[in-house]
Amino acid sequence: MTGAALYATRIPKIRRNGILDKKSLGIGLVGSGFMGRTHALGLASVGRIFDLPLVPKLELLADATRPLAEAAAARFGFARATDDWQALVADPAVDVVDITAPNKLHAPIALAALALGKPVYCEKPLAPTAEDARVMAEAAERAGVVTQVGFNYICNPMLVLAREMIASGELGQVWGFRGIHAEDFMANRQTPWTWRLDPAGGAGAIADIGSHIIGMARFLLGPIAAVCADVETVIDRRPLPGQPDEMRAVAVDDQARLLLRFGNGCRGTLETSWLSSGRQMQLEFEVIGEKGALVFSQERFNELRYYKTEADRSRNGFRTILAGPEHAPYGAFCIAGGHQIGFNDLKVIEIRNFLSALAGGPKPFADFREGYEVQRVIDAALLSSKNEAWVRL
Amino acid sequence: MTGAALYATRIPKIRRNGILDKKSLGIGLVGSGFMGRTHALGLASVGRIFDLPLVPKLELLADATRPLAEAAAARFGFARATDDWQALVADPAVDVVDITAPNKLHAPIALAALALGKPVYCEKPLAPTAEDARVMAEAAERAGVVTQVGFNYICNPMLVLAREMIASGELGQVWGFRGIHAEDFMANRQTPWTWRLDPAGGAGAIADIGSHIIGMARFLLGPIAAVCADVETVIDRRPLPGQPDEMRAVAVDDQARLLLRFGNGCRGTLETSWLSSGRQMQLEFEVIGEKGALVFSQERFNELRYYKTEADRSRNGFRTILAGPEHAPYGAFCIAGGHQIGFNDLKVIEIRNFLSALAGGPKPFADFREGYEVQRVIDAALLSSKNEAWVRL
Amino acid sequence: MTGAALYATRIPKIRRNGILDKKSLGIGLVGSGFMGRTHALGLASVGRIFDLPLVPKLELLADATRPLAEAAAARFGFARATDDWQALVADPAVDVVDITAPNKLHAPIALAALALGKPVYCEKPLAPTAEDARVMAEAAERAGVVTQVGFNYICNPMLVLAREMIASGELGQVWGFRGIHAEDFMANRQTPWTWRLDPAGGAGAIADIGSHIIGMARFLLGPIAAVCADVETVIDRRPLPGQPDEMRAVAVDDQARLLLRFGNGCRGTLETSWLSSGRQMQLEFEVIGEKGALVFSQERFNELRYYKTEADRSRNGFRTILAGPEHAPYGAFCIAGGHQIGFNDLKVIEIRNFLSALAGGPKPFADFREGYEVQRVIDAALLSSKNEAWVRL
Amino acid sequence: MTGAALYATRIPKIRRNGILDKKSLGIGLVGSGFMGRTHALGLASVGRIFDLPLVPKLELLADATRPLAEAAAARFGFARATDDWQALVADPAVDVVDITAPNKLHAPIALAALALGKPVYCEKPLAPTAEDARVMAEAAERAGVVTQVGFNYICNPMLVLAREMIASGELGQVWGFRGIHAEDFMANRQTPWTWRLDPAGGAGAIADIGSHIIGMARFLLGPIAAVCADVETVIDRRPLPGQPDEMRAVAVDDQARLLLRFGNGCRGTLETSWLSSGRQMQLEFEVIGEKGALVFSQERFNELRYYKTEADRSRNGFRTILAGPEHAPYGAFCIAGGHQIGFNDLKVIEIRNFLSALAGGPKPFADFREGYEVQRVIDAALLSSKNEAWVRL
């Protein structure tokens, strides 16, 4: 019996007579670092925030060693712990595999889970290269199960609003896009070499943070048809951790700049850098259309600036929309506008989306196929920069 | 045996040999509306966010009717439900009473709990009048237990930073304060009469939202020594709910403006209104000192604007500090700056503060005494406005 | 023959057959400091910016000494110079007297000019006390000539827009006002004693800069009916200029805070300070009405923030209107929006208003009567603070 | 005798014994449209704002017809008028030729003036193509006279500050630039065909407004070594003026996006559009360096946002510097910060720079050579876009 078929036999336990039972779903979490904890928090909260058809049960947590796993399980409220992710994947009480392990483990864990027909929720970036991501996306499609990649920023109600405004034609023809994701955590040249700089990954800032703005661009405007990129390693040597006099060469990009052409005809630019002094979360975009424009910054992600073209310019200007109950699902967190949801709440929405999909709702925007498409843009940018030429996708 | 003594006998179960056991604390929650849910969410999350000596256990939930209480208990994860708050207070598994019931019930519930020596966590405003609040504060002090009022906005790491900058002398002598809490939820004169307008409460906007900015002023600058206020009912009739042609007179204030003199010599203004068109959370302040100034708005509560007086003005100006791990306890929620905590996270910090105090840590800033002091300022403002004269506190 | 009659005989030279000749108007300027120069600049530019019925001719400049006056006349382009302001006032080629001399000279010069029936343009504040200002206003009304006080900030097209929006009912009933004028030029306690601190003037910051926000409040909302103020001298001793060890007591106010009741029923607050660290031109207001609100800051005086209450909140928020040709007379300076007029341009508009009035157009908003009314508010605030009581105007 | 030699014979009249006399300089202005008037205003004001060695005399104005020229001369204060620009150039009382005529006339007028050895001040863009501009620049260098192109935005004190901060190393190594000039005056597809769309010019938005941000990029960071551009005509047909049903094809660009590599190693992006809904003057840049960053917007051109990297992040953030007397030559316009200079004042500074250069001071940054260099970048961008390839400059 194939994995997908195996899992399919479980479905009747979840659905009965076409109606969903209020039923718990066993979660197996791999990884207990910052993102692991964020997932655990979200899994614990989601049922209190949203009225859900499926309630996650924190069943099993895996990490590199048993003590690490046990401490995390206790702290996060998981029932059991293991140092063997393969055991976790195979565990019959684990209905869904949630991956927050280091990037290079994403593919093996996900493929193992998919082989058993288990839905997978995986942190971004999906894989180090587009090729790996393609294999994962195809495995997911063969398995016919729900998958999701952790692009949590697009779960923001203001992003959903922006997308609706674009899709509905409120902005008219959209002819311009500018996207940025810049931070400064590598701006100090004394900051030591880290795993983020590992050339095995193939990409640096463009993968680590650029994937967010690439995903956001696609979420808003659809496929990117062509890119022309200038990718650069600025600080080409870093001291080894704890050995300030020992330098290691850096091969991956510190910053990247792209010209974009979207499939819908819109053109734009996209930038990413981890050397951007003073920026902690400059994940920003501007969408320019015939009838209006939108401006967004993740540093104020409960706001969306909006210009609506009107005949009388004397009273017009960019307005600042504050997130409120009018912007679903903000109201699930707070009954009044202007109070703000936080970073962790975006993850809660993401988990809600995943659970809804498992219960038969619409599939998540950022499934494995989407993770692969983002990776393709990254690969295209690297190739474009290398060849100093446009690359069609 | 007095209530305090009764409860004291429970303490040994919590502490042993002067060392805190990792021990659960039975929570009894009264009320399951918006604030009740916010408390429940926070109680469920706090142990995953913070490493705590005491872990809250969602033991018993009370609401007006049994079906209401049971539905909420199921949704929020409480073990049991009741329609009898007195039973809840007396329940031996309830170690702490958490009150999010309508304002008029705060006093009876809190007093009953305090009589049994149980710590109380109560939503703001503590009571409809300063007199009620005084009774509660004195009962709390007699009982010798930890109390806390839900002024969650002061739990913001940026507010803690602001307070430290003032207290440490970084701003030099502080000589000016401007505080505002303005929203617009009553700005439409067709908005019907509600319980917020009940004259039994004695105050309207100044109690409902003004209490936040009064508490914030005290948190930052200490006691208010004198006020001179202008309190006004602007829309003096409102339609009854569902009966747009039936009008009911309004006696409580829609907006209030105060001149303030602080005990430390600083002077200021304070305003509150629920008629402020376009404002959803204009909880703002400006603190002006000899060596610098601070500007804050709750609509962007992960930011603090700061001016530091320096000799060279050519490079100087107000700077925007983004909340980050440098500002405890932000780092408990997210490892990187600029990602933002949300409204519900402030409640989590508040609950952490309460639990820390129960475990022997510093008592919460906003205890019942503080709730009473805030209420005194409100009463003084009402009296000042009525008499058109300054009132000393 | 009275002064007014004398001047009246000159009118026919300006108007003929009810039609204005393109005719020059002899200007006599008293004072050549910063404001004198600003006036001279404006007088020289106004005819190139606006199509005017009367063109100012820079006829005669007076200053304290002949060398000072001559140097200034040469630099500013005045035809002649004098050290005798009385001679200037009486000079037959001087049609209009323009006063930028120290405040204490405003009254004698203006009264002398009015006695001769000459129109007077006088810098703010009109006089040190309301009593002086009243005498001047009454003399102006007896003379029946055009007068103007230099409240240049209200000449801003965005202020004119704000006033129109209020007057036309676009904001509905206006029920809230907040006004601030804060700067920091006296915030350093080592800043020496200056003429601004002269107790003969009666007032400090409230007169020097507060007059601007008081005038602005009146421009927008009409008469102030009552005030309750808290006026304070914070730094009560200052070193003498050049003698850092010699201290002089300070009697005038550093900061003032007022509760306001307008004649139209609107209530508000008003603050002024010259100790506001980090502020260079915090001349700000917020006007709150039933159907919307306006927010303005002089530090960005080519912008007006506007909230318009609309049924659909999901797309709404404060919008930032940029000054442009839609906002007369911006278009006289620049044909495209967003380019910004400057501080000196406000003076050009003020001069245009004055010249238009002289040519039979509408009288300036800020005439001597208005200057007196502003002064009355200042006096009322000082009295209110002294008596700790409301003062009706 | 060559033109340069001819003009050189005039120099002794201006300088005597190596010391400049306070001497007037005859200005011949060609063109009296919006920019002509702006020049006239500036020429009239500059001597009152700055203490100048040379005072401009408004000698002769030329426009297309005699009535047009005479009306403008009267309005702007020029002594004489002509409909023959060649006569103006040759007029012995004209020492300097100031060109605000349509772009296609820039070259013939400037070349005629240069042939006579007369300094030339010409509006931007210098010429329709880089080739034309090169001829003009070389003629200017042969003539050995002062030239200036009207890139007034770089005359802003805040831009001068930004340049100093970069040049002095205050920002450390500069590794990132983002430049934008976007407006919306062509965003409505019903806006008729205009001369700006004339394909003879070769370029549209990138020349009309893009030249500003290209010039600004060069002003801040020096030569651009290579570009890769995507240039696009979005609205490819426009109605003829007054004939809404008659469409004319549009060949020039509506928007352009460039990847940049500067000679100093810095990389960046640059965008320009006249279809950017809601933008009236989005002339913005961000300069990112190792030790800090700068952010600027022309819509608030009296401000410069600055991040200075410091060890203690807890008090740090982007600060907003307000233009003030510390930022020369702001103080020539106003003695206090935060008051703001306006668009027309930038032109006054530009004229001051030109006059200073004529009097032996430093040559203007934006001389004809610079005008040519900006044009080269535009041509390179057009070529790059056509060939879909990088172009080295």
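As written, the chains take the letters A, B, C and D, and residue 1 is the first residue of each chain.
Operating definition for what follows: a residue touches a chain if its C-beta (ideal position, glycine included) is under 8 Å from a C-beta of that chain, and two chains touch if they have at least 3 such contacts.
These are the chains along with the protein names UniProt gives them: A, B, C, D = Gfo/Idh/MocA family oxidoreductase.
Source: prediction; values computed, not measured.
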Shared interface partners, meaning chains that touch chain A and chain B: C, D
Same-site or different-site touching of chain A by its copy chain D, using the half cut: same
Cα-centroid distance, chain B relative to chain D, in whole angstrom: 56
Between chain B and chain C, centroid-to-centroid distance (C-alpha), Å: 44
Residue list for chain C, restricted to those that touch at least two other chains: 279, 317-318, 322, 324, 337
Contacting residues of chain C [partner chain D, same complex]: 34, 37, 40-41, 44-45, 47-49, 51, 75-77, 183, 185, 279-281, 298-302, 322, 324, 333-345
Contacting residues of chain A [partner chain C, same complex]: 161, 303, 306, 308, 312-322, 324, 326-327, 337
In the complex, chain A residues that touch chain D: 175-176, 178, 180, 182, 187-189, 228-230, 232, 234, 255, 257, 259, 261, 267-269, 271, 273, 275-279, 288-293, 307, 309, 317-318, 388-390
